[in-house]
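A, B, C and D label the chains in the order they appear, each numbered from 1.
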Amino acid sequence: MTVDLKAYSVRTDLALEARELVQPDAHIPIPGVFEDVKEEAGIKVTRIHVQNEEGARAIGRLQGRYLTLEVPSLRRKDSKLQDRVATKFAQLFADYLKEVGVQENHKVLIVGLGNWNVTPDALGPMVVENVLVTRHYFELMPDQVSPGYRQVSAVAPGVLGITGIESSEIVQGIVEKSKPDVIIAIDALASKSLERVNTTIQVADIGIHPGSGIGNKRKGLTKELLGIPCIAIGVPTVCYASTIVNNAIEMMKSHFAQETDQTRDILGMLDDISEDERLALVKEVLQPLGHDLIVTPKEVDEFIEDMGNIIASGLNAALHEAVDNSNVAAYTH
Amino acid sequence: MTVDLKAYSVRTDLALEARELVQPDAHIPIPGVFEDVKEEAGIKVTRIHVQNEEGARAIGRLQGRYLTLEVPSLRRKDSKLQDRVATKFAQLFADYLKEVGVQENHKVLIVGLGNWNVTPDALGPMVVENVLVTRHYFELMPDQVSPGYRQVSAVAPGVLGITGIESSEIVQGIVEKSKPDVIIAIDALASKSLERVNTTIQVADIGIHPGSGIGNKRKGLTKELLGIPCIAIGVPTVCYASTIVNNAIEMMKSHFAQETDQTRDILGMLDDISEDERLALVKEVLQPLGHDLIVTPKEVDEFIEDMGNIIASGLNAALHEAVDNSNVAAYTH
Amino acid sequence: MTVDLKAYSVRTDLALEARELVQPDAHIPIPGVFEDVKEEAGIKVTRIHVQNEEGARAIGRLQGRYLTLEVPSLRRKDSKLQDRVATKFAQLFADYLKEVGVQENHKVLIVGLGNWNVTPDALGPMVVENVLVTRHYFELMPDQVSPGYRQVSAVAPGVLGITGIESSEIVQGIVEKSKPDVIIAIDALASKSLERVNTTIQVADIGIHPGSGIGNKRKGLTKELLGIPCIAIGVPTVCYASTIVNNAIEMMKSHFAQETDQTRDILGMLDDISEDERLALVKEVLQPLGHDLIVTPKEVDEFIEDMGNIIASGLNAALHEAVDNSNVAAYTH
Amino acid sequence: MTVDLKAYSVRTDLALEARELVQPDAHIPIPGVFEDVKEEAGIKVTRIHVQNEEGARAIGRLQGRYLTLEVPSLRRKDSKLQDRVATKFAQLFADYLKEVGVQENHKVLIVGLGNWNVTPDALGPMVVENVLVTRHYFELMPDQVSPGYRQVSAVAPGVLGITGIESSEIVQGIVEKSKPDVIIAIDALASKSLERVNTTIQVADIGIHPGSGIGNKRKGLTKELLGIPCIAIGVPTVCYASTIVNNAIEMMKSHFAQETDQTRDILGMLDDISEDERLALVKEVLQPLGHDLIVTPKEVDEFIEDMGNIIASGLNAALHEAVDNSNVAAYTH
């Protein structure tokens, strides 16, 4: 039995946001969903473990382990913070790999989903360009590879509109030829809240699913399809205009609720209906007029480059023992 | 006496939107404001002439002639439509130049405001890169310049954060050295409505004013400052999140007003208050949480490139008689 | 039996140059090598058919059909000439496809070899980005595809240093999944003469061979490897410094030979030895000092973009009957 | 009296190369020319002081202080070496500023000459984008600027073909408005030897002179013209094909001279004539055939980016006491 994600109309690719939608109060546990939140020096780390079908149904997310880093101040260009986030991400990701059973000698294929030419969708290809690949050394001169490195390869399969081929088919073909043990796929996501855009990294061992991310994926990258596990690293880089509006109304509701118990007077029916119903209403109004565009912050070029460096340097340190993970940023350019 | 634009809190750089805010019904004339709207083959052309102080106060815009092209379907990548828009813009702009007194032998300096490295703010520099400049030929070998060309030069002065110098000071210095008769300044603007982003071109003979456009301008490009007239070509490329929300609530109001006379029930107090009050409310909620970001559609790279080509080829045809303006696009790359 | 290309030390990927090396006089036929040269309005078209083993051995090129366009004036930025070259290339390539047995319903996979981030090696990826792909329409809604289009897909597999996987392995995997009938591979080449760089297009039905092109390919794209024919489109974008020097000495030799019969006095031993020996000598001197760099003209950015547009628009017109091939440039951006 | 640089036909913008042309043996002093060479950890630092007219005439360079860093191994991508070079350059440049009389409170205008869109000519604009500018803080909130910073501004004036205005006129206008005390101009140069391309940085207090650098400058940036001193930082990024050939013949001559005293036999007349005569000969042969192109190594994108970072981070540390110059690279992106 698979959970029908379509039923959840608020467009988010983040488990964190799905969880908040179901139960805004983080202290009330949801059966089948384990949650752990830590904050340290401006980096908030949330672990959500969807343990069974009951939990999956409850929050509308597949069973699996979701690790999320939130760093609101990433918005302010601060290269020291970026180094710190890259280092933290490297440590957390190294632990995560162990937790989900990826061993030190496992061969990794990094897949950078997305489109070079559309900046908010270019995160995946940008990571591919900056990670340290080693597979060719292992193939060509296995005796000369220093200890502390594992076999890593990386591809950016492009998007359907540019290639005419599903990216999942391209990856399948490459997996069959190059025989990795595990895939790490990087994807740009949609968030329901603008302030999570480019400040959040989600890691999940559920692969990439049809319809997720920015492009129109009709097939995914999953263990069922590929025969090997796929860990997804997703970063929200866009929002739908309708979710910005819906989210703002929600914020207005909370705002006025703190000041008055007459929010019904202020927001009318918008106060009564559920978030999903309200979103449907907003979409109903915006879409026919062509207003439900997908948007990204105007500083997108810089955000994507910074985030691409954080993830690439984090991956380099997490995947290769020989890369010093106390100062991971030195290994990318 | 100057009009205090700050009093108008809805953030728009478009006269069209300022006028709509004051009097949504286009058929009711505003004293001191002449307006003419024509639509042809998907291109809507609006001329607003703010004729005197009364009109300026009424719509919160400076006296002057505002020419606006709106082409909603520019969003759909259609190279034939783009050629058609470039050609139309060239013809309208050539007429506009005559109307505001720019003569055929006047020397033109094109100023591309904005920042190369921030895509939604890169329109100005992109136009500079694509226009046909001729001033150096007139300077170096005046006898050999073919008839039908005028003296055109072009600069991209950069932004304060990159140069440390106000762009208006840089332009002043260049004007004093190169002695043009008129400036045409290209600037990326903020719109109050997402659907006007990258589908609208505004021409105005009022120059560039402090605080307008995307960057933080503290000084402008005006006749007072420069001693020569400055025609501004502005294209909205961004929106504030708060104006998206406010605009959406307005649209919901109109939407429900068509179906019921109980919009008060649906939207509560949001229905009662003025657009300005409502925007203030939205900002009050969003800003402290860092949600009032400036956003741009995710396809921004392509939009800016297309719009840069339309404007550059339009300018080439409007400024040089020798450039055939029945097919203007052939002259840029 | 295969011809050992290594024996031919002058580094060129062009059959035209290989032929010139063997027999500079174009009027003296080489057994097993058919040659036909036409020049029209600044475009020189050479057809070389290496018909058998004898011919292959003679000029050190594999058996097959080589079509070469040379347009020296492509260097001067002239957009009308570019359109004319794209149109001519489209017509010649359409004929070539018939000649080598590619039928109208054959499904084509375009492979853009090379590296986005190294401009002289970015031609392949740039063509991929600009060609019209249709395979996904045939897969998703076959009934709605207009007549006059064929199934075309396109990939840029990246280079070994970025992916860690041979591009030939990646292509093999994609071929097995997407099942095209024929491959058209675009590759940047080395030329022995600087003036052919970015002014020449070579088409050959021999595939891509190890060591050809700019990157270090260890495996090729050949019918033996892929099971389907591979047509290579190559454009010289670089030269070795040593071949520039060697070529210049050759030119000096010809130059002085026209003026005197004492070239021996002027050029000493350089006049006596064969071109291959002289190249070996030049390399012997330059290489230890790190001077035998691969170079490209300084205008490489513009050249590669222009050439990418010519090839992409030529392919669009040659592959799809519905694309009007009297003005092919309109279909790319 | 000015020295006629045109008389020196070997095309180089480097004093180092001009000196070598006149007297290849570094141990034989040239009257009026002081020279000091130090090498440390792969970085060769040459100081040439052209002290008077006699020296200027002797080596065909203007009177002034030339500081040159040569780092042949910059070619091999090595980020630690790059950091080391940036740090060394910062220290040397800080000392150089003192030596030529630039004081700690002097206001600096950095001028990045060249063209964004032509990679080998993009060094100047790239440095401008990466330096720390502070002038606007001093102008807007002088009380709040931390100690240890000086007033720095930066502009990229563009090239004549894009702007239609001489870059020197643009800079003059900006100088008059912004009133700096000294200019530091960054320019891409031509070298006579390919191995110096992108491995060499020259600093000189002679300003920028007509005809120097890559673009066609007709006017320069000099104290005479601007009223303030101009320090030029030049990096060779291109070579003429003819100088590559000429240089190679020179290398062959040296090579054979070590093995035999019969170089006359090997190189004929090429052995007898002077380097200038030989270059004239090479040009005579190559130019009419369009072979005397300006070339750059194929890895130009990466070289220019690396060099831009080295210079920008070096300038930041040398100009602002507050920037730690033991690890200068951390301050650019």
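By definition in this document, a contact is a pair of C-beta atoms (placed from the backbone, for glycine too) under 8 Å apart; a residue touches a chain by one contact, two chains touch by 3 or more.
According to UniProt, the chain labels map to these proteins: A, B, C, D = Germination protease.
Not measured: the values here are computed from a predicted model.
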Interchain contact steps from subunit A (Germination protease) to subunit C (Germination protease) (minimum; 1 if touching): 1
Most widely separated chain from subunit A (Germination protease), with each centre as the mean of CA atoms: D
Distance between the centres, which are taken as Cα means, of subunit C (Germination protease) and subunit B (Germination protease), whole angstrom: 46
Chain centre separation in whole Å, for subunit D (Germination protease) relative to subunit B (Germination protease) (CA means): 41
Separation of subunit A (Germination protease) from subunit B (Germination protease), taking each centre as the mean of its C-alpha atoms, in whole Å: 37
Residues of subunit B (Germination protease) engaged with two or more neighbouring chains: 117
Touching residues on subunit A (Germination protease), where the partner in the complex is subunit C (Germination protease): 116-117, 128-129, 133-136, 140, 151-158, 160-166, 169-170, 172-178, 218
Complex contacts: residues of subunit C (Germination protease) adjacent to subunit D (Germination protease): 72, 75, 117-121, 193-195, 197, 214, 238-239, 241-242, 244-245, 247-249, 251-252, 255, 264-271, 281-282, 284-286, 289-291, 293-302
